[in-house]
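Here the chain labels run A, B, C and D in written order, and each chain numbers its own residues starting at 1.
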Amino acid sequence: MEEAVDRYVADGDYIVWECNYLQRGPSALLREVIRQRKQRLWVCGKFSWVLVAMLVEAGCCDRADMGFFIGGAAMNRAILEGRLAIYEYSNVVMTARLRAGAMGASFIPIRSLGGTDNFKHSGAKLIEDPYTGDPTVIVPALNPDVALIHVHQADVHGNARIFGAGISDVESALASRKVVLSAEEIVDIEDIRHNPGLTKIPYYAVDAVVHAPFGAYPGECPGHYASDTQHVVEVFGALFGDRLGEYVEKWVYGVSSENEMLERQVGFARLKSLEERATVREGFRP
Amino acid sequence: MEEAVDRYVADGDYIVWECNYLQRGPSALLREVIRQRKQRLWVCGKFSWVLVAMLVEAGCCDRADMGFFIGGAAMNRAILEGRLAIYEYSNVVMTARLRAGAMGASFIPIRSLGGTDNFKHSGAKLIEDPYTGDPTVIVPALNPDVALIHVHQADVHGNARIFGAGISDVESALASRKVVLSAEEIVDIEDIRHNPGLTKIPYYAVDAVVHAPFGAYPGECPGHYASDTQHVVEVFGALFGDRLGEYVEKWVYGVSSENEMLERQVGFARLKSLEERATVREGFRP
Amino acid sequence: MIVEGPWKERAQASTFNEREFQVCITARLVEDAKTYWVAAGGGPMYSVLLAKKLYAPNALYVTEDGIIAAEPLLPLDPVMTVVGARPSYRAVMWTTMNGVGDHCAVGYMDYGILNTLQIDPYGNINSTWVGRYPEEGRRINGPGGADTIAAQCRRVILMTDHQRRKFVPQVDFISSPGYLDGSAGARERAGLPSGTGPWAVITNWAVFDFEEETRRMRLRAIAPFVTLEQVLGEMSFEPVLAEKIETLDPPTEEEVEIFRGEMDVSGQFSGAAGDWIMREGDRWTRVEGGA
Amino acid sequence: MIVEGPWKERAQASTFNEREFQVCITARLVEDAKTYWVAAGGGPMYSVLLAKKLYAPNALYVTEDGIIAAEPLLPLDPVMTVVGARPSYRAVMWTTMNGVGDHCAVGYMDYGILNTLQIDPYGNINSTWVGRYPEEGRRINGPGGADTIAAQCRRVILMTDHQRRKFVPQVDFISSPGYLDGSAGARERAGLPSGTGPWAVITNWAVFDFEEETRRMRLRAIAPFVTLEQVLGEMSFEPVLAEKIETLDPPTEEEVEIFRGEMDVSGQFSGAAGDWIMREGDRWTRVEGGA
């Protein structure tokens, strides 16, 4: 974990993560990014709830493509003080940009964003459709420097399985120059070869695989464990109460590693109870 | 089967099928299209081996986007006599065009076709990338009138499962105005709901579901039955020996229905042996 | 539009929250056998679920993470309305954001339902910024998936609180498109698909649609516990008035029982905002509620 | 390039088919731990499989239907080289044509290997039409997936029969791109990704690469059973000649045993075309073969 983040996440990188802090996201990897005090990250802020605010408050991030995130006082200060530049898109437009990146294209036509103020503050263009002549919105492809993705299962080569709905795991993996996976379970390649239909991300797109049980904590990893409601309330409280600094201090800087956090600050009993609350496994466990 | 083809395949339609006559394709549906003597079809000739030649020889098809098919004398005559117009693309470019159609876009940028003679005889354009200014090839979206797709399992609403590698099943289902599925097995929606991750095509994209065991015959339906090698040799022989007319007479017009063909011309023993030759089921059977 | 229906024959609730009322009214608008994109859950999702129980058993909904036609395992944990196992439960398909975006782009989404923060007479939505962008004011969440829903669903239903600061002549920032400047073909000129746009606005007090010729918001009906003056008084612009302003029926006992018992179990939804309404005979009294 | 290798130390086959020779030579060119796109199987696929057995255990290949790094269950039924259960066996991933197309477009395909029908000095490929398109001549198959492979793989290996009608100064129709007109940057000007293009041509008689400055086909090595004159005599254009023309080693017993025993079991591959070569001491004799 420490090594993967140290080696593949560089200051100034454009970073994309899949899902978010509460829902099958690479929460552990992102806390490690903060712990290593990465600087000047440009983030893909799609569907991202509290993560952008956490990174901004921790001083890791100075640019964001939106998306969706919960604002709050910290974010507001950063914007008004010019510490955070925001480019305005939407969740689906950002995943469309990632799809273009995954296609090796430099842009992609879309059927939204036109006429909005997002359009004016984004990289979108309104062109004449070369065939119909109709006004058509295009957006530039997104090819991030690094993608952080939490998956249910992966082999050591990077062949990865993801179960359930998702945002743009495959697109991010293909569009990004460097790809770091955190996996709930490491499986043998023999297991992968027994059911190739379950593989979502191929080995050649992946640079590092980190075995990270509870790597989505405090979020849910469907089929494995539920979200930690108490922790979810705590982080939202911190966000709205302008105490994100304290939250980061306690949960990120306050421990030397993710393992220590799980061991000391969450504890076995709590983790076990989260597993027990994951009563729905159908479709999430091969 | 008869009703679905009669109702959803119209003379003059642009038609796309998935896979082909030998590999998990809607072979039964396509024989029914010939049996009903549909006229003036414009076909998507990607990855299609003998099918285009069969449709042309049967007088059903007068335009084709290429793709890949086996030429042969019948095809050659049709072209030189002006009975068949061909537009030149490639397999992957055609699936890219279907992807654009499935995205609701009117065109899509690609990284191939440029500089070839296909480009000159296709709907492709070379434009200046609106961002980089680089020369960029775009192709028009493809939104067929009707898609014929053979799937492993579907419920009566059209939620469909396909196992194994494939060409562009999902893209064709979304891009096409009308979608007819033939399914090896009809499953209950309860079964679908137990593992939503296996669903590839959603109900709202589908107009008709036909229960068609051995619907891919003489082709293979992976995990269910092997291809009928003897029949495969026969159809290729007919193609190269310019006896496709005889082949169509025998296997299509010579029987009143697909069931009759399977019963009378193939027979239970042969079908059983094809099932027995399908020894690899892993990954193809949920 | 929303005045006739089975709810007329049912016993009416004597006490309910305005937010509950809003969800019930939205549920009554849900058409059977249609597909709804409810963004990332919340009120829009609860409205369709309530409708499925009572009025539109074959209505279906999708969420922006690609959960198609789920029968979620209720109640859901806080904010866990997407991706998780419970909201995904018994779906017919799990896909992705681009997946459901494609389904919408090719026209399979009959309706979209959105929560909105600030709205103008043409149904343009602001969920990005309050104040003078970007120098002065307050950052909000951003469009999320709403921009796509507002741009591409055939009919869009907007849910918002009935407050002056929410109904403004011009939004501070267009996050998701309504009829833009209101001129004919404005959406098409901006590159949006034709035959789409806002269709209704539902608040805790009233229901609006959009006048076809002008594409302006038109008041169609109001709650039984408010007056027309109150409704218009809490708007910073003058909506078109329908020839006849209907009066909405209050929630039925059945509606609120199901909503409280299966969906808003912890009361966090109705607890978050909205006053409580009590009825004694023909008198309605309001009790301050919300956080 | 292809003169040094473990095969040098192995016993040489005394009888082999020219097609077998071509596959063995291609196999010796396969780099370990690289990813190959072999179109829809056939000679290209067999070459990688043979290489995996003998020289490059970690080389991997994909086919245009989205089978990634399979360990196919050999032998395959006639034409069933894609989609089917046997060619798909023990893959690490099953995706689609657009799926593998994306993998290629973003640069994960190190090599492509293609069968070609007609080829020119710049590696342009014709698989569409023989004669004057479209009025006069004969329709062939079309590019299939070869256009994408030729356009986007980093290095492209072309396999073809060594015949005058196949090596032509100008192809009748460019189905898949080589270096086009051979001018610097011609591929980029046509919208193709830079750093891609034909890298080698392997026939049943010889091996070519492409001269960097001119992008023209350059003869590098010939089979031990043909002369330079024969090789050049069966080409309708004059290739660049490498300073030293190497002599290729014949197939090893090991190579042909594995190929015949596991891949071309029915002999349909070597039976379809290509003469048989027999060795007695230093003398090579040719026996007419093929269909």
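Convention: contacts are C-beta pairs under 8 Å (C-beta built on N, C-alpha and C of every residue); 3 or more make two chains touch, one makes a residue touch a chain.
Because the structure is predicted, anything quoted here is derived from the model rather than measured.
Asker: Moving only from a chain to one it touches, give the least number of moves from chain C to chain D.
Answerer: When the steps are counted carefully, the minimum from chain C to chain D is 2.
Asker: Report the chain whose mean Cα position is at the greatest distance from that of chain A.
Answerer: Farthest from chain A by mean C-alpha position: D.
Asker: With chain centres defined as C-alpha means, what is the inter-centre distance between chain B and chain C in Å?
Answerer: 42
Asker: Approximately how many whole Å separate the CA-defined centres of chain A and chain B?
Answerer: 38
Asker: So how far apart, in whole Å, are chain B and chain D when each is placed at the average of its C-alpha atoms?
Answerer: Centre separation, chain B to chain D: 29 Å.
Asker: For chain B, which residues are shared contacts with two or more other chains?
Answerer: 103-105, 111, 134, 136, 164, 194, 196-197, 283
Asker: Give the residues of chain D that touch two or more other chains, as numbers and ranges in rising order.
Answerer: Residues 67, 88, 91, 94-95, 105, 152, 193 of chain D touch two or more partner chains.
Asker: Among line, ring, star, complete and other, which one matches the pattern of chain touches?
Answerer: other
Asker: Could you please specify the touching residues of chain B with respect to chain C in the complex?
Answerer: Residues 101-105, 155, 157, 159, 174-175, 189, 192-194, 196-197, 199, 202-205.
Asker: Report the residues of chain C in contact with chain B in the complex, numbered from low to high.
Answerer: So the residues of chain C touching chain B come out as 35, 67-71, 88, 90-95, 102-108, 152, 193.
Asker: Along chain B, where are the residues that touch chain A in the complex?
Answerer: The contact residues of chain B facing chain A are 103-111, 123, 125, 127, 129-132, 134, 136, 138, 140, 163-164, 194-197, 282-283.
Asker: Using the touch rule from the top, collect the residues of chain B that touch chain D in their complex.
Answerer: Residue positions touching the partner: 19, 22-24, 45-47, 49, 66-71, 75-76, 79-80, 86, 88, 90-93, 95-96, 99, 111-119, 121, 126, 134-137, 164-171, 220, 222-223, 226-227, 229, 232-233, 236, 278, 280-281, 283-284.
Asker: Which residues, counting only chain C, touch chain A once they are in their complex?
Answerer: 63-67, 73, 77-80, 82-86, 88-89, 91, 94-98, 101, 105, 128, 133-136, 138-148, 150-152, 173-177, 180, 186-193
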